[in-house]
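Some structures are shown below for you to check.
Common to both upcoming complexes is chain A, partnered first by chain B, then by chain C.
Coming up: the complex of A and B.
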């Protein structure tokens, strides 16, 4: 469906992607990489907004640049706020739908698409919309023609937790309807649950691609940082019991304003959690808060490279 | 969703696509405050009426206020390039800047169709604006001299001025449309440089060298055409060793050439 072979793209001296190869087939493909890793550039190449300097981009076995018939099969949500602020929501979706659907069908399709994304517009102009509403509207405009392939560039950006949950549900629903989805994010947990396939990209190159379980295994090799919050004497007790364990790499006490936190790094998070739980239970320690600090995707990628 | 995609893929004709795109672009102009400022700016030339002896004001005064034949018209020397610059440059450059070009490129529309529709839209909007501007000036003169009879007696002046200003819009908006496509950073600033560089070198420097009106100025060709075909009774203008028809062909060539260049550039352009 989507095939990129040895694709390179530079903007002046800045190399955005370098000999990148990847593919996306049916299902939901999560495109994971830190900011500036080349995700949006890759999507723009797939959408035919950019010419590759080198390599081949094929979508549905066709070249995407200036390919009007191909666009009939694709819906695209860019990372930008690319809306006409003077328009009303329904007007926006209908106007763009007319370029794909018969005029008499465009309005009905626009209403349906707006309803599907759970947007209540009530005649407001787009400039008055919240970030979440704008995001939903962009998706409505992208799915109004019932595309075979939906490309979503950072669709979770700026959404509140409920908005994120709704977005995930919408993507899963579209997947159930047979739409192939390519979705990017720089946050791992946004993608791992809903993706049927994941692609890791960093510094314009594909690091790995495959089923989420495989990708998560690779990511799990990264030394995880786990932060504990508790009264200082409890943290001291915890550190004393964990310091001689093989699965613990480092133990650090860190000052956070008036509190002191305990930060432990481990290569094996799963074993660590069972050991730590056992130590806490056996010694009756009062742990107030536990937080995994390795959702900083950039550091994971630096490690993998 | 309730609707089903038609079995045979629906594909709007190029004419329909142009209509649908134009609906979007026209809506923008109607909503944009700039459009109304460009109309109201036509009041500026009327301010110069105070310098005229009221008894000498006639339909010829109107011609001198709108045409740059003697390089004194505020409208054609200052306001008109500004109107063309804003309309032409912003046509594609604003879509690039606001990233809305991405929405258009994601639809089954060819890049050339976007350029063509933008061109048609700015032609219509530009011509409507300058026609209203000319009408405001004409009515302003009538009000100033408190005589509306010249409006009806010399309607040919108004129509001639509309054609003259329309040609200005067609030529300059097409050039600026091209600049808006190829220049990514500060296209408006560069457009301003080009507009006044052309006026300064084309009209004054080359004019001095030629010992008359230079053939290297686009506005000279427009004036040449207008003096022959649109305002022949009111405007005297010629270019050394050149027939008006040649000037008309040059204007036509600029429009067609820059439109073709715009389409070609748009087709080769990256939209990061």
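Coming up: the complex of A and C.
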């Protein structure tokens, strides 16, 4: 359905994509990569917005460059806040619908799309929208012409946890309706649940692609860092009970301003969480805060490379 | 949203067949142009006020012309026809229509009200509304400046490029400006033609028809030139204010400075005149009406000092130079838009 074969793209001296190959079929394909890894460039190549310097891009068995009929089948949500602040939401979606749909259908399609994304606009101008509302509006504008392929570039950026959850539900719903979705993020947990396939991109190249479980297995090889915040004596107790466990690589006490934190690294996070939970419960330890520091995708990719 | 996939199709090709409505390119261009023009129209109250003012001026001009029709055709207090100084023939109502309509058209693009001609199609100017051009310039700067700059500043180019090809985007922007230009420049002049025909009476529509065609050609060239220049500036920046100011200053200031430089020699017209877009448009309008000899009075038509621009005498400023220079400006503006859209906005 979507195939990139040995595709390269450079902007002057900066190589954005280098011999990148990947494919995506029906479902939700998550593009995971740190900022600047080439995710947006890949999307623009798929949409035919950019010419590849080398390699082949095929979308729905067609070449996307100068292919106006293919654009009719694609909906795109960019990572930017690309909206006219002076417009009203419905007006914005309708105006974009009119670029593709017959005039008489555009109004109805815009209403349907706005309803679908769960946006209550009530005549407000876009400048008064919250970040979450703007993201929904962008998706409404992207799906207003009923695309077969929906490309979402960093759709979770700036959303609060509820907004993220709603966005995931919306993407899953669109997938259920037969829309193929490409979604990018630099945060692992935003993609792993909803994706049917994942592609890891780093420095313009595909590191791995496949079902999320496989990708997560690869990522799990990276030593995870888990940070605990608690009174110092509680942290001492915790470290004393964990230090002889095989699953623990290192234990470090780290000063954070006036507090001292405990940082533990492990190669096997799943086992570690169950052991740590057991130790905390059995010893009745008071843990104030637990944070997985390896969510920083940059460090994972550095490790994988 | 389509609910069901065609399983057989999906199994065979791994994606479903396209089932939606697909409109043609001409429709998309029209829809794009219309949408962008209406955005600009809805956004600015100043546009509506200025347009209303222009219409008001045209109505006043019409009333003036129709009220004083007899004074322009006959000797005062008699029915003896005035002699047309350019042809030596008695003045006719057709002459009146031709002179006044074409002067109205020329008044759209010049602050210099003392251009005249001695050949048919020009004649002595009966009236002057050169001041209208300032409003036209403000209007086109207001409308055109944001057409591309707003998309760049709001990053909406990405949305449009995901739905339209780049050349469709460019043509859509030019189309939007054309719609506006036709509304404020071409349409009023065409209406003016019919109003004058109806108001002056005694006019043969067939005889007057060439004047209508000339009016349409001249005004469309004006719109094309303004579109190219204003959109060129709009593509160069992400701030509509800067784009609008730059376009206005470019047209206005050059028209203030260059003619005074070009007409400072002893009877010779300098080639600097080829750098002034508004004068080029004015001279082009004379060329289209078949006038090759244009007289310029730097201190007004009552002054003894005058310059003659003979556009067909084989020396100095020639018709082809005027048209060539204007075409260069149009192409330059268009090239800037194309370059910016294909290169600069491609990231």
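The working rule: the second predicted complex is superposed on the first by the 300 of 305 C-alpha atoms of A that agree within 3 Å, B and C clash if a C-alpha of one lies under 4 Å from a C-alpha of the other, contacts with A are read in each partner's own complex, and residues count from 1 in each chain.
One rule holds in what follows: a contact is a pair of C-beta atoms (placed from the backbone, for glycine too) under 8 Å apart; a residue touches a chain by one contact, two chains touch by 3 or more.
Keep in mind that this is a model prediction, so the values were computed, not measured.
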TODO: Assess the superposed three-chain arrangement around chain A: do chain B and chain C clash, or do they fit?
DONE: clash
TODO: Quick one: classify A:26 as touching chain B (first), chain C (second), both or neither.
DONE: second
- [ ] Give one of first, second, both or neither to describe whether A:84 is in contact with chain B, with chain C, with both, or with none.
- [x] both
Open item on the list: Tell me the contact category for A:8 with respect to chain B and chain C: first, second, both or neither.
Closed with: neither
Open item on the list: Between chain B and chain C, whom does A:60 touch in the aligned arrangement: first, second, both, or neither?
Closed with: second
Task: Touching partner for A:180 - first (chain B), second (chain C), both, neither - done: second
TODO: Have a look at where A:196 lands relative to chain B and chain C in the superposition and call it first, second, both or neither.
DONE: neither
- [ ] Could you look at A:172 and tell me whether it touches chain B, chain C, both or neither (first, second, both, neither)?
- [x] neither
TODO: Report for A:268: first if it touches chain B alone, second if chain C alone, otherwise both or neither.
DONE: neither
Task: Candidates 24-32, 78-86, 186-194 or 204-212 of chain C: the single one with C-alpha clashes against chain B - done: 24-32
Task: Contacts on chain A seen with chain B and repeated with chain C across the two complexes - done: 11, 47, 49-50, 66, 68-69, 71-72, 74-76, 78, 80-84, 86-87, 95-96, 98-103, 105, 112, 116, 141-142, 145-146
Open item on the list: For a test of understanding, state which residues of chain A touch chain B in their complex under the given definition.
Closed with: 11, 41, 44, 47-51, 66, 68-72, 74-76, 78, 80-84, 86-87, 91, 95-96, 98-103, 105, 108-109, 112-113, 116, 141-142, 145-146
Task: chain C contact footprint on chain A (complex, rising order) - done: 1, 11, 25-26, 47, 49-50, 60-61, 66, 68-69, 71-76, 78, 80-87, 95-96, 98-103, 105, 112, 116, 141-143, 145-146, 148, 151, 174, 177-180
- [ ] Sort out for me which residues of chain B touch chain A in the complex.
- [x] 1-3, 5-6, 9-12, 16-17, 20-21, 23-24, 27-28, 31-32, 98-103, 105-111, 267-268, 270-272
Open item on the list: Show me the residue ranges of chain C that touch chain A in the complex, using the header's touch definition.
Closed with: 1-5, 10, 13-16, 18, 20-23, 25, 27-28, 31-32, 34-35, 39, 43, 150, 154-165, 168, 346-347
